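Here's the structure we're looking at; comments come further down.
Note that the chains take the letters A, B and C in the order they are written out, and that residue 1 is the start of every chain.
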């Protein structure tokens, strides 16, 4: 863990050293802090999007299941996490559940203790609810004949889902997924309210030192850059999906 | 449990008042954001290229920057911007921007950036033939806009705008961090004072769900109204 | 126990009559400022502010703000003065002006009894502090920019996390810490209180020398006529001036 931490610091020192000459002074002074935070944001984004995609897929499958309980559960999952603000969810888990303390939470305490872990979990759950809706929409666009055909070939429902429906649903849903990824990145800034030193957390600390509006502008540029990179990456994948 | 009640002992009335402020924030931001979004959409449809680039740059920026950051920028930056604007117009002195207005400014700026895409799409979805037909029967440009384009624009844009409304309703919670006493902040303060943060935050979450559910119902009835007379 | 929230004053934060002096305070910094069961902001800072207003014979409005935005709000003319136990620092003096100090502050490190922590050893463990405060800048100097320093929007939130055991210690201002320790006997001050020569003053806008001078005169006035001592004794059992 500490090796990984050192690696992150080394990256951010390296980036700042390289960028020294070309960045404005107000940024260069605090550059390692911005980049340290940027890396935490990136880390949370990568982990929560990957985990969120997996959970979201399961929820989407549950939503079209033949089991009523599964359908209702998956519907409630999406409804609750899409119907309430992310900030409320973060505070409920960190300040609300966390206030129960180590005695009541027992073995769960190490999780609730860490702002980072709570942030990651809530971001993951939140994005999974949106991804499930997107995928369900994608499955809905497929002609019902496909499932019937797959079943009549002797495929099980699960297999038909895995081999026939989901791959197509992913392709249909890709642009919407891209939007969700950007929204997730922006939402991740809220973990700064539960003590995580992501880009936003570092930005607010730097802001506290001089109250200069510049601070927020630099941070905005970094976020916008990340959004541009993500968009470009998503486009590239989209092209490949279309060819396939 | 009586802490959630109304009246002197409970925080229930305070929570509801917070919820009312949340709705107020969202409604005012919707009105301003919609107007601004319309202007942006027109700029994007303009034949004048720099106008298009300006609008494009604006949406690109807002879509890439966290809402939280935009709200902080609006909060700490509006006065500077207003003062600069006033100076440009030759006016003296600053104008006070209360934090409610700053939050509305931030929220409507975000709404407009997404809303203008929806409006632009809807504008383009009205077939050109209809416009030409309007010209040929001698309607003025304004009549064409008002009688032909706008009613259809509304119908096509409604689902998209409805989604954005729900997004904004939830984004109002960010105003809690600016010490505006909307729903979430009331819940946080109540939780700290009574040492029952879980109960109050859950109550706030439930109230947000109610607001979303009401919005969904309203949206469905608006859509039904806008679609009356349309073939299914 | 009516809990009307402080919101109303803020909602209507439109321009107030010119004579009304708008004073910002925090509301999450007991016993200096806190929101009581009636939803009003009360505390030492508020009493001092009211005494100053009475001395100056001016109408006052108390506005609760979040700490993070309290200086920007002053600069942007959302109110005229900050009476919120604010440390006079060189960094802040670049942005705002201060009156003469109205009390001296010390920092303390708080931890669970028997934790074996020392002030020199805080860099090794998770330490909390309030964002944008003198405590957080001191803590940051101790643990470095990359230490495990957790920042909270309010001091109250950092106390809560210390109590829950999320962090091992917090750096806090002296008097609020003593106040909190009264109902938290499991915790203690680690080592001695830390004197960093911290003086607490009232912040005003840089171009507002008139108000600063008036406040200084009033401050001398309430100290001289015993009002200050009375308020202070009520909260701390001693005169902290």
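Heads up, the rule we're going with is that a residue touches a chain if its C-beta (ideal position, glycine included) is under 8 Å from a C-beta of that chain, and two chains touch if they have at least 3 such contacts.
The chain lineup, named per UniProt: A, B = ABC transporter permease subunit; C = Transporter substrate-binding domain-containing protein.
Since the model is a prediction, treat every value here as computed from it, not as a measurement.
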If you connect every pair of chains that touch, what shape comes out? Choose line, ring, star, complete or other.
complete
Winner on C-beta contact pairs when A-B is weighed against B-C:
A-B
Please compute the C-alpha centroid of chain B, do the same for chain C, then give the distance between them in whole Å.
36
Rounded to a whole Å, what is the gap between the Cα centroids of chain A and chain B?
24
Two or more other chains are touched by the chain B residues 76, 80, 177
Among all residues of chain A, those touching at least two other chains are 95, 99, 193, 211
Give me the residue numbers in chain C that touch at least two other chains, ranges are fine.
68, 72, 153, 157, 160
Which residues of chain B touch chain A in the complex?
60-61, 63-70, 72-73, 76-77, 80, 170-174, 176-177, 184, 188, 191, 195, 197-198, 201-202, 204-205, 208-209, 212-213
Residues of chain A touching chain B in the complex:
79-80, 83-89, 91-92, 95-97, 99-100, 182, 185-190, 192-193, 200, 203, 211, 213, 216-217, 219-220, 223-228
For the chain A and chain C complex, residues of the former touching the latter:
9, 32-33, 36, 95, 98-99, 101-102, 109, 113-115, 193, 195, 197, 201, 204-205, 207-211
Any idea which chain B residues touch chain C in the complex?
8-9, 11, 14, 17-18, 21, 75-76, 79-80, 94, 96-100, 177-181, 186, 189-190, 192-193
Chain B-facing residues of chain C, complex:
1-7, 10-15, 28, 35, 37, 39, 64-66, 68-69, 72-73, 76-78, 153-154, 156-157, 160
